Amino acid sequence: MITENHRFIFEEHIPEYKLAGRANHPEDTLVEAGGVKIGAGCPIAVMAGPCAVESAESIERIAEQVKAAGAGILRGGSYKPRTSPYSFQGLREEGLAYLKNAGRANGMPVISELVSEKDMDLFTDNVDLIQIGARNMQNFALLKAVGRIGKPVLLKRGTGATIDEWIMAAEYILAEGNPNVILCERGIRTFEYATRNTMDLAVVPIIKEKTHLPIVIDPSHATGNWKYVEPVALAAVAAGADGLLIEVHDDPDAAASDGMQSIKPERFAELMDKARLVAKAVGREI
Amino acid sequence: MITENHRFIFEEHIPEYKLAGRANHPEDTLVEAGGVKIGAGCPIAVMAGPCAVESAESIERIAEQVKAAGAGILRGGSYKPRTSPYSFQGLREEGLAYLKNAGRANGMPVISELVSEKDMDLFTDNVDLIQIGARNMQNFALLKAVGRIGKPVLLKRGTGATIDEWIMAAEYILAEGNPNVILCERGIRTFEYATRNTMDLAVVPIIKEKTHLPIVIDPSHATGNWKYVEPVALAAVAAGADGLLIEVHDDPDAAASDGMQSIKPERFAELMDKARLVAKAVGREI
Amino acid sequence: MITENHRFIFEEHIPEYKLAGRANHPEDTLVEAGGVKIGAGCPIAVMAGPCAVESAESIERIAEQVKAAGAGILRGGSYKPRTSPYSFQGLREEGLAYLKNAGRANGMPVISELVSEKDMDLFTDNVDLIQIGARNMQNFALLKAVGRIGKPVLLKRGTGATIDEWIMAAEYILAEGNPNVILCERGIRTFEYATRNTMDLAVVPIIKEKTHLPIVIDPSHATGNWKYVEPVALAAVAAGADGLLIEVHDDPDAAASDGMQSIKPERFAELMDKARLVAKAVGREI
Amino acid sequence: MITENHRFIFEEHIPEYKLAGRANHPEDTLVEAGGVKIGAGCPIAVMAGPCAVESAESIERIAEQVKAAGAGILRGGSYKPRTSPYSFQGLREEGLAYLKNAGRANGMPVISELVSEKDMDLFTDNVDLIQIGARNMQNFALLKAVGRIGKPVLLKRGTGATIDEWIMAAEYILAEGNPNVILCERGIRTFEYATRNTMDLAVVPIIKEKTHLPIVIDPSHATGNWKYVEPVALAAVAAGADGLLIEVHDDPDAAASDGMQSIKPERFAELMDKARLVAKAVGREI
């Protein structure tokens, strides 16, 4: 009989994920990035900072603020993949140096997005956690390249990618020998236009069930609107996420990129206070 | 300039919702159903029970169990809209009576889905909260009909409906004179097939921002899989939902409908214990 | 192995459609509406007219124009399901009379949308082909009601409905005893916003393969933009559609509803000339 | 007022595409690949061949067959981006040589997909038209790289990409100095699972309206099912497409990749005969 549940018939046919799957690797993987451990049982890792590194001063100022509020890892894009070639593309090499310095000055490991294999050395030298962005989730040449190094990788889900494809993209990295993969959901593309993307929080239990990898949630890109970041971040913690990736800027209106979805440092501090309470309610720490 | 945020340009053009909108009605609406108040500031209302009423005995047994675990309202479908005309269509009039009795015996108001204007009298006599299902969200004849009565109405979002359309559907009910409308998200249809639908939890802050109506989350239909119901329910509470609608069955494998997404009573009790902690963390009760 | 084609695994599990399916009914069904035959082997049926009947004069004027260009059936909505309760809702009973008169005066059967069972008598008296709109595709009470009468029914696909659900909705009508069902695609809802909906033309061969029912394409709602109506209409003819449903208005800017997607009569005449050539190229007539 | 057409409000805010847009470049661009001209006014270019080059013999055999049926360009993937790292990844350098030889032997230019900047020299030496696949549509490093060479580029739309993003991806190539860009639609990802993707044929008039670039349609990936390839191909021709990209294999069941959507040479010949008639009906040749 046809039923509304017939989608689930798929399940039987979905293959094991040789390396990412639970079947061959029952224990949870913990990934360490610059001294911060991320994964099941660890405190929830909060990665915060501006969408893009804009200057040495601004990244240092924001780093101090997010550190003070309790963030463990500093984020900041320096090679920005933008829809238009005429949008701000990032400070590149210079920005990475600013990011690293701001991180060091505050005792925080740093995460930044890699968009081309050519920049790999620069990233292995300057960055603690390499982000592969949604647009490159199936850039298999890039996935294989980060699979051949030892640095931990945070792999964002493509906005048009199924969970199966996302796990298989992680499999590309793992298959090259790099076991340090973190998955990060940032919302998928749907017909709804009240938000930039639609956050699919069911991925948290699904990734936990199917894989042994840590799962991080990015409420900033998922909603695209600073007003919705806090409730979605709290929801992610309640659902069991191992980390949060949040855009924070002290002058969002003047941000070079994604200002609308960035929250101010004082709001971030409030979010952290609330997130600690929710984390405690579900038996975790931040 | 084109930006990834250009979707938000819409916002300027979106009209006020005359009756549902915050602009003309700043205070939160509390809806009372059979003595249970639902809305901002009230304890989170938990509506639980089987997808379909199957017999007098089973609905009574499940009612006792969900009541014991802390549910405030008993759910049970008796007129089932099914994709196939050959699927079980519900016990109809008989089922409504069983539901009402089970509710009365346990001191619980009851909610059930109305699918045709013809059955209105039966519903006003037997049911405390009338559910309009996702498939009928834009059945405007039915919306107007429930707008002309005084009973509270829980309006589910269509799986293919935008938030704007959903609020406008509520506006149809309000415009006929019935102010007692509760909105209920049950997931939207996307390309992802690991879940039955994709839960869009950003609706919680969006509905709170744009309207004054209570918002309830249904994690059972959103995920379609009992394993994912608890984390998504906890996420909904953390996001600020005013209520939960959860399918509970003591023998899911034998359920007449939607067994795969129904949780057992003992699991429901655990979910309630956890939900209480999360609710407390965000300043609410259950 | 997981493959990109694993979606098709579903196929094995999809049930026969008892009455709509080819398995039990290999020959194509031809539906006759007011003397016009619609289905495989017949000339392509073109249904044209305004979105809404606005006055006796305007519907008569447009009827003459579309008749002159070769349309076989006159369309015009008189009970309009609108997203907002404050939008124009149609001329109702009065409009149906105008439509019938305009059709009679030009020797054209008429099609109009039924939104409530209450109006059934009015429709059986005045309309040759009853349209069930996208929003009511799973209003099963309404489907059963039109299943109990003999009039032909054109069932639009819901913008969020799968092909399986659409065929099953037809099954509801067939199961009540009415064999005269025509399916009509009007686009589905996707993330793309350059068009109102996304036209899914693969439905033409799919419906032909799985069912014996006629399939009609509505390029007006699918695109939402008069500029794209002609190329999509020609594409539908080339794909094998049995009919077209097209919105035509002689003053689109002043139209009460959907002016942006309505084409002018002179443009409709050009479209018909081109469609005749394409029809001939694929072995059909118009 | 809110209306169902409010999506179109966007239009006003969409920026000019500096180089891809019609505004600054009113005349249609014709792209020449190995002697075959593609674009408005030219005969419809048909690119056909297997999904993947499998051996020297098979690509030669298929090349002869598609040439005999009227194809102008030979396709064959040699670097295959696959969802799983364990799927067949292509014959790589060896395959490109086989493809080139098969093309030369039959007087056909060849098209193949480039997945990494590293292979650029190999592609400029062996391939007449470089394909950028859907997964790499926003791999901006790769887009810039093909923008710096003179070879024509066929840019596929990402399955989760909006038309705006797709045109902006073309803008990346144009902005680097390569004016020879062809756009190719291969279907987008939606909730419908009866086909692999949903073909969005409205892109043909939209691309013609907004840009001056040629538009090619790939009915094989769009449908994912050989049974639906012909009607969708004919529809594309009727809609005004400048080319078709079709997978042909003489033993689909044994194909290394995508066998289900490949048509046999004899069926391809029939498709070509029908496509010629439809092309003629809309004033084009093949």
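In this document, chain identifiers A, B, C and D correspond to the written order of the chains, with residue numbering beginning at 1 in each.
Operating definition for what follows: a contact is a pair of C-beta atoms (placed from the backbone, for glycine too) under 8 Å apart; a residue touches a chain by one contact, two chains touch by 3 or more.
Quick caveat, the model's predicted, so the values are computed rather than measured.
Q: Name whichever of B-C and A-B has more C-beta pairs touching across its two chains.
A: A-B
Q: Interface overlap for subunit B and subunit D, more than half of numbers shared or less than half: same or different?
A: Counting shared over all numbers used gives more than one half: same.
Q: Could you work out which chain's C-alpha centre is the most distant one from the centre of subunit C?
A: A
Q: Taking the mean of the CA coordinates per chain, how far is subunit B from subunit D in Å?
A: Computed value for the inter-centroid distance: 46 Å.
Q: Averaging only over C-alpha atoms, locate the centres of subunit B and subunit C and give their separation in whole Å.
A: Computed from C-alpha means, the inter-chain centre distance equals 33 Å.
Q: Where in subunit C do residues touch two or more other chains at once?
A: Those would be 1-2, 7, 10, 15, 82-84, 86, 160, 164, 168, 189-191, 193.
Q: Given which chains touch which, is the overall layout a line, a ring, a star, complete, or other?
A: complete
Q: Under the touch definition given earlier, write down the residues of subunit A that touch subunit D in their complex.
A: 7, 15, 18, 81-86, 115-118, 135-136, 138-142, 158-161, 164-165, 168, 171-172, 175, 189, 193
Q: Would you pull the subunit A residues touching subunit B in the complex into a rising list?
A: Counting only subunit A, the residues touching subunit B are 1-5, 7-8, 10, 82-84, 86-87, 160, 162-164, 188, 190-196, 198-202, 204-206, 209, 222-225, 227-228, 231-232, 234-240, 258, 260-261, 274, 277-278, 280-282.
Q: If we count contacts the way the header does, which residues on subunit B are in touch with subunit D in the complex?
A: Touch residues, subunit B against subunit D: 1-2, 6-7, 9-10, 13-15, 160, 164, 168, 189-191, 193.
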